[in-house]
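Read from first to last, the chains carry the letters A, B, C and D; within each, the first residue is number 1.
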């Protein structure tokens, strides 16, 4: 809560939040990250130094165990920097990946906050900017551990899941 | 961090964040609150039950000791509900009001988070939605106490001030 | 150019301009029209009385001769009202449909202006609002005939085509 | 109506449409033009080559006869380029200036279209982008002469005035 600069790492893995529309073929797909242009440059972050680390660009329905291990490994590498981590991830298997990280990295040194969106960034009614804004703040304020932050609510792992009917997350 | 509904109270006092443009006389002024229409209805808040409590509608440069006491008194009344409180306030004297509340309400039972904006809600480059989003989450996550939340940074009272050159807040 | 109220008819047929995102299945598809909520309610039209006539809701790549005849027939019916007509249509076969109407309705009594978009309405960088705004004005200003209006340019039929590389239309 | 590039000149004179908010002093004033960044870069104009010519930056309530003569003179100079002209102007005295030009420049070689806005560009509910989009197209489509284009309606001079109660223009 001081006014020194705080480093934060954002690991991007794809998901609805990062899907973009290609006007030439009409497809809506994951193709790299656009969080800098679409969200971060529109925020005011005078005390936050963000490094974006693009790891993969996948619809989370198509992620497998190798992908989840790759994400856990990437988080572990970045933990050595001792700064909070935000992970952008598809909502459909976000809780699976977060739970995998929670189990395989038992003593995290920093807060690791997963988030995503129901509607891609850059759409009128998107929840992406809200979720990213909240995840960045949550990552700074929370104790070390694994969390999902979504729709102004923070859930500590384990026992978090997507509620598909409501289009949000819940603990159980 | 559960999935039960969380009550939050927003006390509005005016400030740049709430200034609106009147197209018939061309003035940009405080005239009541529009946080519901301009910000809250555009957010996804499935677990947050917000009560907006409009107290006054003033440019904070024109607030005096009576106004600050009125704000402190309003906060004290709402504390009985045992839920987090967000206060929308002009930036020019926000730290004065927050410090006044910090001194006159020494044992707050809830987190009280002041925020505002450099540019009014409803303008293209406004920081209002970002600041409100962050203040709502901060109010839920923080321990009881008085805070200013601004630009993805949380400052615990006392010893917080506006930095006019940078257009943000800082601790000292 | 007077200040009496001007009736305008908008016939919607689908196309990219009208595709919407379903956050529950992640699909981007034509499913009815949302031009009222997404565009018309955000415009100021004190002298324009718009009737939206939803005819079909198809990606224009999947339109066939029956669809084109149905559109021509719908235009013919509406011509009896003696007011300008705007047709929302997918870009891929817009010039085919417009040319079909141009040939089968040789003596139009009103201006019939086709338009669409490269990016669906409701996306950050969408050209939908611009194209609709222009088509409405063009329909009022132009002499009876068939036109495609796109990206602040009006093309009189025949001999208009989409330029796929440039993502716009051109005459030839 | 071809696909060759069309030159258009935009003369800016100030007015509500060009007022900008200064977050450091809280003022909403005319200070230069921002039409390129705020409107033109967000439009698709593949066939339009726009030159922005900033003439003055005044609330039109404070314009006097010298200003109106200066605007007429600037229009006359640009007419030699033989391309359509759009003039951004405050709404309060727009019809006075347009009428002055209509009278002092009796045989215009091009269409000269005045427009402005009730709410400055860059505000959520601004009519600026709509009015500029329409004025650009109207300037291309209309016969030589002086016009006010506002809210999807074109008024040929003379006998046009602002209707302050309705917040738009009308002929009389």
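FYI, a residue touches a chain if its C-beta (ideal position, glycine included) is under 8 Å from a C-beta of that chain, and two chains touch if they have at least 3 such contacts.
It should be emphasised that the depicted structure is a prediction, and the values quoted were computed from it without experimental measurement.
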Using the contact definition stated above, find the chains touching both chain B and chain D.
-> none
Please indicate which chain is farthest from chain C, where distance is taken between mean Cα coordinates of the chains.
-> B
Roughly how far is chain A from chain C, going centre to centre by Cα mean, in whole Å?
-> 39
Approximately how many whole Å separate the CA-defined centres of chain A and chain B?
-> 27
What whole-number Å value describes the gap between the mean CA coordinates of chain A and chain D?
-> 45
Any chance you could list the residues of chain D touching two or more other chains?
-> 118, 125
All pairs of touching chains, please: list them by chain label.
-> A-B, A-C, B-D, C-D
Chain D contact footprint on chain C (complex, rising order) | 1-3, 6, 42-48, 118, 125, 127, 129-130, 133-134, 136-138, 140-142, 147, 151-156, 166, 168, 170-171
In the complex of these two chains, what residues of chain B are touching chain D?
-> 16, 21, 23-24, 26, 28, 38, 59, 118-120, 122-125, 164, 167
